[in-house]
Amino acid sequence: FEGGSASYTPPVPDEPVTVSVGIFIDQITNVDQKSENFGAVATLRLEWHDPALAYDKSPNQISKVMEPAKFVEIAADQNLLVPFFVVQNQQSKRWIHQAIVVIRPDGLVRYFEKSSLTLQAPYFNFLKYPFDTQTFYYEISSVYPSEYVRFVSMEDASGLGELLGEEEWILSDARMLKTQINGISGLQTDQVALQFLGSRHVTYYVIRVFIPMLILITVSWSLFFLDEYRKRIEIAGANLLTFVAFNWAISADLPKLGYLTFLDFILQWMFVVTGGVIVINVLLRKMKATGKEGLAHKLDNYIIKWVYPLGYLAIVAFGVTRYLIEL
Amino acid sequence: FEGGSASYTPPVPDEPVTVSVGIFIDQITNVDQKSENFGAVATLRLEWHDPALAYDKSPNQISKVMEPAKFVEIAADQNLLVPFFVVQNQQSKRWIHQAIVVIRPDGLVRYFEKSSLTLQAPYFNFLKYPFDTQTFYYEISSVYPSEYVRFVSMEDASGLGELLGEEEWILSDARMLKTQINGISGLQTDQVALQFLGSRHVTYYVIRVFIPMLILITVSWSLFFLDEYRKRIEIAGANLLTFVAFNWAISADLPKLGYLTFLDFILQWMFVVTGGVIVINVLLRKMKATGKEGLAHKLDNYIIKWVYPLGYLAIVAFGVTRYLIEL
Amino acid sequence: FEGGSASYTPPVPDEPVTVSVGIFIDQITNVDQKSENFGAVATLRLEWHDPALAYDKSPNQISKVMEPAKFVEIAADQNLLVPFFVVQNQQSKRWIHQAIVVIRPDGLVRYFEKSSLTLQAPYFNFLKYPFDTQTFYYEISSVYPSEYVRFVSMEDASGLGELLGEEEWILSDARMLKTQINGISGLQTDQVALQFLGSRHVTYYVIRVFIPMLILITVSWSLFFLDEYRKRIEIAGANLLTFVAFNWAISADLPKLGYLTFLDFILQWMFVVTGGVIVINVLLRKMKATGKEGLAHKLDNYIIKWVYPLGYLAIVAFGVTRYLIEL
Amino acid sequence: FEGGSASYTPPVPDEPVTVSVGIFIDQITNVDQKSENFGAVATLRLEWHDPALAYDKSPNQISKVMEPAKFVEIAADQNLLVPFFVVQNQQSKRWIHQAIVVIRPDGLVRYFEKSSLTLQAPYFNFLKYPFDTQTFYYEISSVYPSEYVRFVSMEDASGLGELLGEEEWILSDARMLKTQINGISGLQTDQVALQFLGSRHVTYYVIRVFIPMLILITVSWSLFFLDEYRKRIEIAGANLLTFVAFNWAISADLPKLGYLTFLDFILQWMFVVTGGVIVINVLLRKMKATGKEGLAHKLDNYIIKWVYPLGYLAIVAFGVTRYLIEL
Amino acid sequence: FEGGSASYTPPVPDEPVTVSVGIFIDQITNVDQKSENFGAVATLRLEWHDPALAYDKSPNQISKVMEPAKFVEIAADQNLLVPFFVVQNQQSKRWIHQAIVVIRPDGLVRYFEKSSLTLQAPYFNFLKYPFDTQTFYYEISSVYPSEYVRFVSMEDASGLGELLGEEEWILSDARMLKTQINGISGLQTDQVALQFLGSRHVTYYVIRVFIPMLILITVSWSLFFLDEYRKRIEIAGANLLTFVAFNWAISADLPKLGYLTFLDFILQWMFVVTGGVIVINVLLRKMKATGKEGLAHKLDNYIIKWVYPLGYLAIVAFGVTRYLIEL
């Protein structure tokens, strides 16, 4: 309900007016995880009963149809309560594509609106990234407090469309939630919200991050068997710079978080291990230079064959346990 | 039809009002495949017959002309049905450049609108990328259910313009489709859509991706004939990093998909093969170091001359068969 | 003419109303060659004569002044024809900074509008890039068909301003064109367009692309005289990667075209030649290794001194002839 | 208060009207430190008492409810003072999601508004970056001078929400400030502002900048013990280029400042030290070449073991003292 | 003055109405040197005297207050002249935050407006970049020609605010200029403009560009004393690629200019010199190879010690003289 310029004194209803609210998301235009919001095109439906609006209809007429601004004007003339609402987590202007009010002869009022807007999604938690599941909401709250207006959810007019047009997230588990919040008037106010979950395409991260990293590490490992400390240092040095680049490229996709994600954890330790490999090889080379070649060789054999691969495995295992498995 | 502030009770038509709808796309302002939408400037035409609007015209007058808001007002005064519509896959606000209603003396009403907007294109499938063909729609659906308003497509006022101003896509095969959907009122509603197909300029991908890759691989291959395992490893290592860069550059153009595109498939396997080349050369070098130089040389000769080029060919052949050729 | 909510039956003019149209571009806010559009701030002037609007003016009064919406209202009351127009290649909303209608006592109506908008520029042809010249239009077409309204161009109120604020393009040769198009009404309709040409600052491309490339090639060439096949291969390899980077950087400025521009042609062949240089050096080295050092040396001398520089020259000459010189 | 088209002569109040102002920020949509602004969704509340608006209410009626434009109209009819306000540091259009005026029978007027806008944040000081704390404001000032309208802050309706949706900044310490400014009328005018502080997640900078730098430096240092001047120069050269890349990457996040931040200071000196390391090694190598190998070795030993690590420590210590510790 | 829908015949004033105009810039939201525009939030004040608007005021009333649209309506009713204006170099829509008209009993009309917009800044000249000083304007011109409306500048209500929120530019020297231009009506029209100057923080360019370049060149120079032609060539080659990267990074900040800036000049010549260094070393090496080692050494000594450093100095000196010092 926007527009309309009217002053009126709505009656205190004997009991709160019950308004059924349906929230159906037709399109998800984008999900911006850095700004923590998402864009949606949604069809909103509000339905309530007002005996004062009942009328006689001749059989050859369709129900009364009007634009919302006109309805507000009529309601003001008759001092009727209009269930104004706010999209609680709205972030941008709401562009209304089409809105219409239909009044049935028995006084049932139906408000339909198709609109697009940006909604806040403040519940992002990137700890398990990229294996995280996020929760999104489309929250509609009443302008009048619960004392006057009660919201119930219209299940059959709510949910997610078939063609959301969002490729990067797998969206599912839509359901309606009813709560009470501290509303715009400062009083207890009814709110209805469409909640849904989103997870990422794991394939993407496997292809772009995990496989390239696995190949780089495996190839580096195979090179270590050529037994030259010097060359190993060069290779590890190149890997070090590659990991810095990976680190930056991945962080560009996320907000500047105050914690390590799963992927950060893995990359950070790969980085530390690769740095360690260089230091160890410097030490081994030093030992060789100071005549302890035998011991160096023995240690080296042990490190390459066991410590290096098992070290990486241990990092991954620890990361998976700590970040991904909930106990 | 936007604007207009009126309440009215349209009559139940004896039979549904038939509205001819024309959708002509003048310009494609952009195609955003990551967000899966496109921008368009289009001329919409709606045409229907309402005997109640017929009037006497003196020969020295042009037909009645008015702005849509005025027409809605007149229709409300006379309780006439106005065929409101929604652009079903509209994503942004629709900016109307010019809109006008013309009423002929015989009651034929013509609505013209030129407007720009962003439309959802949720049917993107990147499997054959960059040899994919995508389908786009401009969908107009009625606000009234099919019971009251029927849409038919106006073929001669529909299609794609000559100067779309879209360089990256080859757009063609425009045709009008008529369907019924679950409309804004929740009932069966008529919809008319302009469908068209888009494919990419293959030349671009040949120049920017396939030729550079072919030259890099050919040059690397020629270098392998210099018979030095050490050097080969260095070259293959450089290629490995180059392929990672290619991989990232190409993925930046696409959404984060949950599957491999044709191009991904090729790049991914090039990457694996290049990693394999390094491992093999490490093994050959090891063999040489442990005195099996003869065998190493023999194997090497076989691998360079046959396995390497045929391996790449096999990848490309398999990719083409699996991704591009439909059986 | 926007706003205004009125219904009216304009008279059929005895002969078409002649409207003088002036298009003066004050600012070019940007030229987006990837999206093929440009932003402009323009002053539009429409001028026509309507005897029905003549009035008596006392000597101490200025001519009648009003906002366009008011004028439309007055015209509707008197059933006068208002020459509505559409900016034919408009792409965005047109923001009107200021618009005013002045009516002189003799019935001369003057409409002034200053507005900003984005205009389509679909005639881009990048074949000669960066030595290309592009054509831009600001097209105004009538809403009424030619039968009722005729447009003539007002030369002295049309053109390009002195301070367009566009640094990257040299804009010139503005002239008014008059044509007839298939208008919004579906009938033959008058259109007036301001055409102008744009070319690029060649200096920019010389400094950023051609001189760096020339220096890289010259330096590489000088290094080839050091007679080492191995080193040459390394240098050529580095050049290869540099050319890939150049290729990508340049293509980022252009849409994904279906053809080679002049610059693409040069870069593509530089790339092929550099790849060829590597293969030749591998062959020469192989010859040397197999004892044909004399022949290798002879061939090499010939190739470095003549084939290499003349090859590059031939590519440039062929590119210039095929792309830039029109026969 | 927007909209409303009315002319009126408000009475001179006997004493200034006292308006309670509440500013509650529901969402922070983004913080743009380069442009020095932030986006917010806020609930504004204004409350004042106007005896002229008192009315009799039957017990079965809710208080009077109206849209702001209607209220302005009523106030103009009765020549009442409307406490218009300006968001002093507003930078973009303010999109009003919902606004409503409620008048209680005793003449208490309550204005509620939920709106989104971009606000200027001109107090950014990056000296301690990334350990800086910034101050943000949401300033509301009266249109009428203090003589007529006085603002007091409504503490319980002001503050920061629980779910601001801002991941990169830790926002806290919200409090209301009351000041007088030179208002839109050019006179002393009341202003109420919500002030809050923001600091960064230090973890982010530790992970992305400090740990990678520490590892690079430590690894380089370990390599220096291999005693080869030549190799050291190469390593230091690579570090030099890495530091240039770091420098650019970090400066891309900040505006082009006229001073060095803490992080700039550290990076700048790392750069200078790394350059110095190369020059020193060139000198040592020269000494070795001219027969002073013993002295070179002695100096080198001293430099690597003490000067290099202590030099870095000294830079950090000096940076921390000068930039971060306030005396 | 926007909105308002009125037709009226303003009187010819006996002498032009004198309107005082004040332009006070509160915020600079951004300066976009590539698009040559800047964003501003400004307070505009217009003040003139119209005896026809004088009225009697009872002592207990504030002056008449109204919204601009209402004022235009009143003026139209009374056929009064309203000094409409255009922001001459406006580029975007002007968003009005708050606008109000106050009429004093003696007929003094005051128009206040706080608004945000994007303004063209077409006078950019980058020749001395980054040591350039640019000129910016906020131009307000009358809609009526000078014959009817004269503008004078209101000095005390004009200027730049204390907290512009612009970090990258040092803005100063604000002053009001009065000129006559060819206005929207095509006649001589009064214009008032706020002019101010902007210069850059030199520190930024010293830290990010000049110091890194100086260190790279100094370090390279020191390496040349190690007397190896081969190594020198490699170092100079790496520098060559670094300078290309610098060149591109700097040009990304500027529009694609048709001339060399000071910084371009320096970088371009560094590039040429570095290329020359490689060629010279190739020649020296060739001389050495052909037995002229003594001469090569002598020449080399001379070149390294004198030509190289003095060459760079000469470039800088020439650049400074030609670009920065005005004679």
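Should a chain be cited, it is by its letter among A, B, C, D and E, assigned in written order, with residues numbered from 1 in that chain.
Here is the rule we use: contacts are C-beta pairs under 8 Å (C-beta built on N, C-alpha and C of every residue); 3 or more make two chains touch, one makes a residue touch a chain.
Everything numeric here is computed off the predicted structure, so don't read it as measured data.
*Asks:* Looking at the contacts, which chains touch chain D and chain E alike?
*Replies:* none
*Asks:* Between chain A and chain D, what distance separates the C-alpha centroids? Give it in angstrom.
*Replies:* Here chain A and chain D have centroids separated by 25 Å.
*Asks:* From the C-alpha centre of chain B to that of chain E, how far is it in Å?
*Replies:* 40
*Asks:* Got the chain C residues that touch at least 2 other chains?
*Replies:* Counting only residues that touch two or more other chains, chain C contributes none.
*Asks:* Building nodes from the protein chains and edges from chain pairs that touch, which of line, ring, star, complete or other describes the result?
*Replies:* Graph shape, chains as nodes and touching pairs as edges: a ring.
*Asks:* Start at chain B, step over to chain C, and keep going round the ring; give me the chains in the order you meet them.
*Replies:* Traversing the ring with chain B first and chain C second gives B, C, E, D, A.
*Asks:* Going by the contact rule at the top, pick out the chain D residues touching chain E in the complex.
*Replies:* Those in contact with chain E are residues 4-12, 34-37, 79, 81, 84-87, 89-94, 120-124, 143-144, 148, 184-186, 233, 237, 240-241, 244, 247-248, 251, 255-260, 264, 268, 271-272, 275, 278-279, 282-283, 285-286.
*Asks:* Chain D touches which residues of chain E in the complex?
*Replies:* Interface residues on the chain E side: 3, 27, 29-30, 41, 43, 45, 57, 59-67, 69-71, 73-74, 95, 97-98, 100, 102, 112, 114, 116, 157, 163-168, 170, 200-204, 207-208, 211-212, 215-216, 218-219, 222-223, 225-226, 235, 238, 242, 249.
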